[in-house]
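Listed next: structures, encoded as structure tokens.
After this come two complexes, each holding chain A, first together with chain B and then together with chain C.
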Partner chain A sequence: MSAALGAHAPRLRLRLRNRGLDGVTLLVVPAVLFILALFIYPFLYGLLLSFEPKEGGALANYIAFFSDPFLYDTIGTTLLIAIPATLLNVVLSVPVAMRVRLMRHQKLLTAILVIPITLGTVLIAEGLLTYLGPRGWVNRVLVDFGITGSPIRLVHNYWGVLLSLVISGFPFTFLLTLSYVTGIDPALEQAGRMLGARSRARFWRIILPLLAPGLAVTTALSFVQAFSVFPSAVLLGAPAGPTRVISIAAYQAAFEAYDYSMASAIAMIMAAVQVIIVVALLAARGLLFRGPASSGKG
Partner chain B sequence: MTLISHSFRSLRLDRISRAFGTMRALHDVSLTVGRGEFIALLGPSGCGKSTALNCIAGLLPLTAGAIWLDDKRIDALDPEDRGFGMVFQNYALFPHMSVRKNIGFGLVSQRRPRDEVARRVDEALALVRLQDHANKLPGQLSGGQQQRVAIARAIVVEPPLVLMDEPLSNLDAKLRLEMRAEIRRIHQAIGCATIYVTHDQDEALSLADRIVVLRDGEVRQVGPPEALYARPAHADVAEFMGYRNIVPTTATLSGDFVQVTIGGATLPGIPMEPAQGPAIAAVRPEDLTVTPDGPITVCVEAAEYRGRDFYGFGRARDGSELFFRSDRRVGSGETVNLSAAADRVLVYAA
Partner chain C sequence: MVVRPVGERLWSTCIWVLVGFFVVNLIGMIAAVVVNSFGTRWFTTWLPTGYTTRWYILAWNEFHLPDILLVTIQAVGAVVILSGIIGVPAAYAMARRDFPGKRAVMTLFLLPLLVPPITYGIPMATVLYQAHLAGSMLGVILANLVPTVPFVVLIMIPFIEQIDPRVEAAARVFGARTFRLFTQVLIPLLLPGILAALLLVLVRTIAMFELTFLTAGPTSQTLVVALYYAVFAAGVRPGQSIDAMAVVYMITTLIWLLIALRFVNPTQIVARAKR
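This part shows the complex of A and B:
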């Protein structure tokens, strides 16, 4: 009996190992538990909660959301902030990354560009509040040089939120773009030069097609970050009007109306919008070239 | 494919230099490449041969000197404006473009009409025998096929000069021989001047009309393959050209020959430089052969079979290590006698 087990046990272990499962695999358990506890459980809990409204049928929260313009307009408002901020960041990050790639003190410059990540949105919002405010540097320069007659309004409206999203989101977008840009074999650009393509042609015909799949991922991730904007929309925006983003609606439902069920429904709608955009972006990526951005067997 | 349509007569490097900080990668290199000529830049790694190629291409600026294309000075021009073809070591094919698009890239850059691009790409595809693979992506091709695409892409614009940077170094031995013949065939078919960088002297000998040996960024010798093979001008060139026996010795003049000591025995040799007193004798292993009454006696340490004959190395009585050839099998521990013809023993000043 024991001999039979002894002959059988290693074979099972071998089979498991061939499928990539061995003792080391157990190390993944804490991470899985962590994800289950902090992401999957709250998500499922919220999903179920959203179908248990204070009154009405299971879908009452969703019906309420999509029949009240004060609520469903927040989707449009958020998209109107998040999409331009994302695109601006992605478009800005490409030339900067292209340049930084060639620089000798790349690490120093990257570090400087990445500092905003470490500051956090609230600090950036507070800083921008005074910097862009009516008595801040920007307006004083504009007025003192006679560019504008009176201070222009840059905070407590749409532009304040957009600027803060660009500043806080850029480092992240830039780092992702830089990694994709440096993944492109420099010999490809040299080959383009030898074949008579000037820098503009090289960018459109070689760099951009190879960069596009990476930019799709970068855009998706940056968009998700920008879409969940909350602190800067409250601190720098006009949270009652033009920058009443969807996360504010969820916050108000949860902590002002104490309707957790409605708040969960709004959170689910928020997630759905993000998923739709991300899936669309990644599907578009599928149409692009997706091989390695280097050449041959080099 | 049409022959080069250009009025290209020569490319002239006039004392070009390139330094990286204080490191001299290329120093005072002068060379004239004639119409249709195949030049090999040969040297060990770090000798400056790739630097030289990149300088000619325009990918690296010169620190001194000038490059002339006929009577036009081109060293300040961007690579885009020089119009040379280049084949990269890793091929540098555009991975997102089909073979056809890759080959047509240069013609599209020149804004040629679409039907002309199609016709010339077809000709180039036929020249490199890749008609069946025109619509594949580079990633779907083998290394040798990718190499052909790279060559076709470089020559389809009919450049006055084609630059090749160790194009065969990523291929396996058999494919390398095939592609070597292929490069020869294509060069003969289109006849455009070529500068070919390699560290492999067999490649240089078999392909080039003239070989330029570089060492530490300086030209050591320029000449046809036969001259480089049989009569290297310097001891270091000899060593690089396969003269594995480099023996420090003392030379004494006797008539047209000099007497040198190799492995404890005295032999006649040819003076390549005025050599009297301290000298270096250079002999190829294939010229130092096992003969019953040879003057040099060595104790065989190892020998290997190379098909037709055996190559081995042994230690002579004076302790020097010698590489030799043998018609019969020799085993380690055996004592054999070696001899070399006088015109195959080259003597250089030490």
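This part shows the complex of A and C:
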């Protein structure tokens, strides 16, 4: 190290420290490098790769995707599963969360609801195959109580996948909603009650506007989860037909056709659809609920 | 005025019926797997005609369960330790320093938690295969670290913010460098938080299907991936032995969940750290 640099070094170090950069800040570097290398770089690499198809021009993969109904139909198929599942989960979560927040011993219920999230979709698929199958308990109840004449088909079709998304998605949506609902200051609702608002009015005029930002995030997250359904669509659905979701198409391109360029293109389309829906949801939130009511505790 | 409480009570009953219905079906689903794994024959009755444990012996041998369990322990153990080593110092820097670009770094940590694994998993697996890292234990570990490192960072930040900076200043005054500060002051103080974060990582990694599935080779399958292949090839083996394997998987996962729930609130598993 030269003398001139030595004289400058302390001043530089001081300047950096004043901006918040010192030895401690460097501790963040390994984590950042890791995420850059294994998350950001693969994404950019995949994006570039998708424009370098095995044959044809730069857009050949995308043209192939949007001209083959076997491929582009997967978007509609996935939306047809993901949107009802998300709406059902969110619409059921809000009243349940409103009720559970008043409970004193929430932990038992929340602990039970965390079980399906922890077990994961593969186990839920295997469990539902047994439980909803033609010899399973659900059909036994339906037949023995005379609700239906013969067992109804709930697995290896659309309904199996939808039900699996409710079993794994409802607890997720509910716990997120609960964490937002409990974040609303009860004093605000008390004030509404004292001013004579009935419970329905209190919900629509006070709670819901306060909950809306959180609810938009919850809806976005549960939609994204439902849209990327994979194991249960294969195991519990009809992966060749009605539940051929977009992740199956991407997986088959990558690991069955070994066309990584096409697989990357499908993955990018999948990400694009998710981004479009999430942005639309967050924009809708901005349109519907404005004003200072975004944070209950201020 | 008398009508309102009745309506409210009815409404609340409806909600409890709904929750009850969900929980009953959830328990039914799990019980169906457990009962089937012990049943001899189960066709047109409510319960199997007889009970046996031979499906477990079959599953133990046929699915190479000892090997799979060993791989699972190794992969999950490595992910837990590495995500702690990388994540906790990063969380410390994020909690204690205000540096330019901090918001961008925060977004960088949030992204892998918000984007679903199958979406980023396919490009990531492509890169790992081209670097000849996938198809092995190393690939599985690297892939699983992508969501767990940011997860540890986000969980640990509030824990670190709770610690009084004067404690650290005192340690510095007495001449402790960053490494000693960590080993002798911070880690003992942060132990409950680290334990909670790593237990959650453990539970999530055992159940992480997509990333492991995309990067595992034949000798690096974890329990959940092996279970997927077993269900996928259903018909090759008796359904009861697949369910026996599912029970082994459930026990492995739920034991750790029970331990984790002693330290964390269930909502934390989903809601992560609040900002």
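In this section, the second predicted complex is superposed on the first by the 264 of 298 C-alpha atoms of A that agree within 3 Å, B and C clash if a C-alpha of one lies under 4 Å from a C-alpha of the other, contacts with A are read in each partner's own complex, and residues count from 1 in each chain.
Everything below uses one rule, namely that contacts are C-beta pairs under 8 Å (C-beta built on N, C-alpha and C of every residue); 3 or more make two chains touch, one makes a residue touch a chain.
Here the structure is a predicted model, which means the values were calculated and not measured.
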| item | value |
| --- | --- |
| Touching partner for A:187 - first (chain B), second (chain C), both, neither | first |
| Which of chain B and chain C A:286 touches, first, second, both or neither | neither |
| Chain B versus chain C as contact partner of A:210, first or second or both or neither | first |
| Larger contact residue set on chain A - chain B or chain C | C |
| Partner chain in contact with A:231 - chain B first, chain C second, else both or neither | second |
| Which superposed partner A:146 touches (first chain B, second chain C, both, neither) | neither |
| Partner chain(s) touched by A:198 [first = chain B, second = chain C, both, neither] | both |
| Overlap of chain C and chain B interfaces on chain A (superposed complexes) | 198 |
| Chain A-facing residues of chain B, complex | 57-59, 78-81, 83-86, 88-96, 105-106, 109-110, 137-139, 143, 146, 153-154, 157, 170 |
| Touching residues (chain side chain A, partner chain C) in the complex | 19-28, 30-32, 34-36, 38-43, 45-46, 49, 92, 95-96, 99-100, 107, 109-131, 135-138, 140, 167, 170-172, 175-176, 178-179, 198-199, 221, 224-225, 227-228, 230-231, 234-235, 247, 250-251, 254-255, 260, 263-264, 266-267, 270-271, 274 |
| Residue numbers on chain C that touch chain A, as the complex places them | 4, 8, 11-12, 15-16, 18-19, 22-23, 25-26, 28-30, 32-33, 36, 42-44, 46, 86-87, 89-90, 92-94, 96-100, 102, 105, 108-109, 111-112, 114-120, 122-127, 142-143, 145-146, 149-150, 153, 178, 203, 207-210, 213-214, 224, 227-228, 231-232, 234, 239, 242-243, 246, 249-250, 253-254, 257, 261, 265-267, 269-271, 274 |
| Chain A residues within the chain B interface of the complex | 185, 187-188, 190-198, 201, 205-206, 209-210, 289, 291-298 |
